[in-house]
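So, here come the structures, one by one.
What follows is a pair of complexes built around subunit A, which joins subunit B in one and subunit C in the other.
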Partner chain A sequence: MLSLLVLGAFPLLFIIAAALSESSLGRPFQEWVGADNITRAIADTDVVASLVRSSVYAAGVTVVSVTLGVAVAVALHRTVGAGSVVRTLLLLPLITPPVVVGIVWKLIFNPSGGLLDTVTRFFGYSGPPLSLLSSTDWALPAIAIADVWEWTPLVTLLVFAALLGMDPEVREAAALDGAHGIRLFAHVTLPAIRGVIGAVFFIRLVIAFKAFDLIVLMTSGGPGQSTTTPSYLIYQAALQQFDVGRAAAITLLFALVVTLVTIPVAVITRRLQQ
Partner chain B sequence: MSRSPRPATWTALTFAAVGALALSACTSPASGETGAGDEELTVLLISSHEGASQWLKDEYEKKTGVSINPVIVPYDEIGAKLSLDQQSGANTIDVAAPWYVSIGDLAADGSIQDLSEWIESDDEIDTEDFIPDIYDPYTLVAGKRYGLPFDGDTHVLFYNKEILERNGFTEPPATWDEYVAQAKAITENESANGVYGAAVFGQKSPLILGASFANRLAGFGGEFVGADGKPSINSPEAIAAAESLRDISEHALPTPAETAFGEGNAAWFNGKVAFIENWTDLGVGSQDPNTGSLVADKWGVVTLPVGDASVESRASLVAGFTWVIAGNTDKTELAKDFIKWASSSEVNEALLTSLPPTGIDPNRVSSLESDSYGEQYPELQEVNRATLSGALAWPTGENAGQAAQVLVDELAKYLAGDGTAKETLDRVQSEWEELLG
Partner chain C sequence: MTLARIARQSAVNSRSGLATATLAVGLVFTLVPLLYLVSVSLMDRAEITSGIVVSADPKWQNWADVLAGSPIPRAILNSFIAAVLGAALTLAFALPGAWAIVRYRTGGRTLAATLMSPWLLPPIVAVIPIMTLLRTLDLANTLAGLTIVYALVNIPVAVWLLEGFIRKLPIEIDEAAQLDGAGSWRVLLSIVTPLVAPALVAVGIIVAILNYHEFLLATFLTQSADSQTLTVVLSLFLGERLAHTGKIAAAAVIGILPLFALATVMQRWLVEGLTSGSVK
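Our next item is the complex of A and B:
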């Protein structure tokens, strides 16, 4: 009970109190201002845009990560015993520190001699340098690629563990009855692991909502505001502008959006598990 | 027959990996060093001042026997680090050198000490010698002095002589229009070989994109805040400055939005850009073989261009750092002694010419005009004299940091193609009026 209070209730109450007060980094709770911080945040088009952007981003990278992760896990399961090196290599992104992931992908997308630039020129491209991270259209997808690369192995790992937990006799019986390939996966494997996939989808969605380190390292929220997420705005407000009241107000709005998006996923996951 | 791993093993590994990830998310950065005995000071500095911190540590210990523990943080985290250190009660920091724009917010939070009486009463500080255009913006908030200037930090325009010669330019640009024209021509002629007209700091940070804008604002004769103390960020001069910044972005090293100090300086040292707006200490680094510079003896430097050839160039105090004393330190007297020494003329003069480069620019008239600086870097001395007459400073005081961020966020949107310069700066003006009054 005490740990629940310390880990859950205290931070929540602190954030709510900060959101309802004029609070700076050095002097929290200077004056109660009611809902001023919250109404200002709602009226701020940058905040609203970041909430929408973050929701779309989280949904997109989650769908891609889970699809890829399940596909890789199934492929690994088929080669189980023969691909230990491959399995170890697949975990590499997962154990790479996020800071390194951001720096590596920034170098890959570097328009002056980065890997993408070099490869495209090797294949005959001769136009202006490809600058994904400075394009308002492509910067967020470029970060999403790095995000998917970093976190898909987690999906693979969890789904692979579920596949190993399946009773092999069920698959063997289905195979004897003539089920192979996609039919075997769709009618036997998928129903057996759908609960795990649902749970993994939920975890991946929450991780995607929290995207911060890649954004700081790769774009600093730019160009313009095109990669600015609520997490980045909260960081800016609290630690660069010392405005903890505004940061707390954005945090509350963000928590509300994350809750609204994740509740249906949690409900579906529970049904899949049943 | 090969054996597959047991499901239980994989499940255990899975949970171990997930647990490790969860734990890694919960870990906090290592706290700084703790100030131990009376003869020890913990000094918070930004990473650009790491070289200076080593020099200061060695020399101060040699002079007094007092140990200095430098704590180095990224340039945009020093204010938050100091404030959190004081507010949390950790109180590990005794002295810091934050960006001068953050002094107002740090003072309002009680994170730094009011040093007015001490500075006024101690003649040895010799405040008359500080460069006047630096002294007040760097230390004065609402009539109170909160520190002493450390790093002057004004931008000037460096140019690569070889690239200009190759492209038929005999003189560096005097106006921002000439600068754009020359950069455009060079990029058109040489970008196929990886050489560009200019490196433009455009990453979305007040010390980066904000600096590029401030340079142009100074050149077009604008001000952040008018004589009446009210924001004037949507003036015709400011609009011209923003438009000039967007004009050069098309012809700069790809791409300004991704260009911070590291990217821009690397391109300069490798001889890949003709122009770079930078702090005067870049000249020291350009001559230092240890930086890997390929442009030693191939560069020149002039004061920043202007909007109109009839206008005199102005310095822009884009960065600049101030020695302050932490609000809760119990070593105030020792801290005073340290910052008095560290901001003295002899120390500033030594830091200006020290190798490896310390990243420090003049903060005093005497060090700026010193023989050692003039003999080793006569061109830098000359351009730095621009700080002696009417430099442009950022707004200071409470909310100044937030105001700078608002400007930079809106400029970033404008440079990304969102709206006109006037619409952009009108929005900034409106927010500044609320923040700065």
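Our next item is the complex of A and C:
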């Protein structure tokens, strides 16, 4: 109960109060300004752009992660020989701290001598160094790759567990009736685990919306604003510009967007589980 | 008949061929980045920019420099203390909570979901209020403060994961103990706790890993050198001008090795814990 109060209610009240007042980090709630912070945040194109960017990023990363995760889980389930060693190795990214994930992919994308540069040159590329993280077009997809690497194992694990829980007789019966490969997957396996896939999609979507560590480590929101997500804007507003009112206003808008995007997914998931 | 069987057999083989190929690609995508990190940790400055994949002459000096004469060992120790103590405290709060939600329907059907709802928001949201709170309590920049925050932040996740395990316990055991005159605390401590011990280990490991990974809160709550955790020190290394990438990679490898060793040994529990939550 105490923890609920401290971690649920206190920050929420703090945010609402801060959004409605002029606050700095040292001296919160100096003067009540009504909805000024919020209307200013809505009118701020940087804020709106970051909300759109984050939604597109979260949707893209989630679709890729869930597709790859389901494919690997099904493969793991069908490969009798794959033992616990393979499973443990596949889980390693999940156990790697996000900060280290950021370091690893920063090394890989390093334009002078990184793995990507080295490998593309090995295959005959001879143009200027590939510098994904300092390109306004490629920095966000590069972070997305690291994000997919880090969190796809969670999808694999949860879907694999669901596959193990399936009744094997249904699949065998369908196989005897001549269902194989893609058809077996689409008509028998997929319907049986669609509830779990929905739930995993939801979890993955929320995690993607919260992407922060990778961005701080790999690009600091740049180049320009090309990888600035709302989390990063809130961080800048509150802890670099000390404008807590603005940070709280962005937080409220972000919470609204996350809710609007995730509620349909939650509703669809509930329907799939029935 | 025989033809049909052969056809079916070959279909089975080609399917498992596709499955094996998928797994192989998955393994390569998973492992290459980690192996590259290890490889870079053995390179000197010149080798890193020269575009080679593996150093011909491994520079173990990077590892030696990190182990002796860098803040990394201290930071790893700090991370472990905060992670393990935080996880233990989390379980102490979460077990009675989860048990009450399952057995006594405390908070009806919505409490568990309400508890989880802050998880939807980015944790950056909680930084300023928590910082203000710790400063008032005089716990800012101490490992104790960080440990308490970790203990509290993870209670909802732990309750959510434990719920699934407790639901599987037959209610008759509780009822039998109560008929014998055991009060609810007695039932919880002497009956339920031993029965869910494997679940406690599993959830404890997951929470400890989450704590060990945590970066955002630690950056702001541990700004003194003797309280900084591994993730904070690593990010500071990365921010240094003229940073030696080989040493950063060595520090990262040394920082995750204990975690990988632990996770490999505890794999069964880890998987059980992650897959038993309310997802199913």
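A few points about this structure:
One rule holds in what follows: the second predicted complex is superposed on the first by the 262 of 274 C-alpha atoms of A that agree within 3 Å, B and C clash if a C-alpha of one lies under 4 Å from a C-alpha of the other, contacts with A are read in each partner's own complex, and residues count from 1 in each chain.
Assume a residue touches a chain if its C-beta (ideal position, glycine included) is under 8 Å from a C-beta of that chain, and two chains touch if they have at least 3 such contacts.
Just so you know, these numbers come straight off a predicted model, no measurement behind them.
With both complexes brought onto subunit A, simultaneous placement of subunit B and subunit C is prevented by a clash. Touch criterion met: A:S131 reaches subunit B, while subunit C stays clear of it. Once the two complexes are overlaid on the shared chain, A:A161 sits against subunit B and subunit C alike.
Contacts of A:G222 after superposition on the shared chain: subunit B is touched, whereas subunit C is not.
Touched residues of subunit A were counted for both subunit B and subunit C, and C has more of them. Once the two complexes are laid over each other on the shared chain, residue contacts for A:V61 go to neither subunit B nor subunit C. When the shared chain is aligned, subunit B comes close enough to touch A:Q240, but subunit C does not. Once the two complexes are laid over each other on the shared chain, residue contacts for A:T259 go to subunit C alone; subunit B is not touched.
Of the two partner chains placed around the shared chain by superposition, subunit C is the only one that A:T118 touches, whereas subunit B remains out of contact.
When the two complexes are overlaid on their common chain A, residue A:L140 makes contact with neither subunit B nor subunit C. Across the options 261-269, 315-323 or 423-431, subunit B meets subunit C in a clash only at 261-269, per the superposition defined above.
Common to the subunit B and subunit C interfaces on subunit A are residues 25, 28, 80, 82, 91, 106, 110, 112-113, 154, 157-158, 161, 165, 238-239. Partner subunit B is touched in their complex by these residues of subunit A: 24-28, 46, 80-82, 91, 94, 106, 110-113, 128-129, 131, 133-134, 136, 154, 157-158, 160-161, 164-165, 219-226, 236, 238-243. Residues 2-7, 10-11, 13-14, 17-18, 21, 76-77, 79-80, 83-84, 86-87, 105-106, 108-111, 194, 203-205, 253-258, 267, 272, 401-402, 405, 409, 412-413, 415-418 of subunit B are the ones touching subunit A in the complex. For subunit A in complex with subunit C, the touching residues are 3-4, 6-8, 10-11, 14-15, 18, 25, 28, 68, 71-72, 74-76, 78-80, 82, 84, 86-93, 95-100, 103-108, 110, 112-113, 115, 117-118, 121, 149, 153-154, 156-158, 161-162, 165, 180-181, 196, 199-200, 203, 206, 209-210, 212-213, 216-217, 230-231, 234-235, 238-239, 244, 247, 251, 254-255, 258-259, 262.
Remark: subunit C residues 11, 14-16, 18-20, 22-23, 26-27, 29-34, 36-37, 40, 48-53, 93, 114-115, 117-130, 132-133, 152-153, 155, 209, 212-213, 215-216, 220, 230-231, 234-235, 238, 245, 248-249, 252, 255-256, 259-260, 263-264, 267, 270-271, 274-275, 279-280 touch subunit A in the complex.
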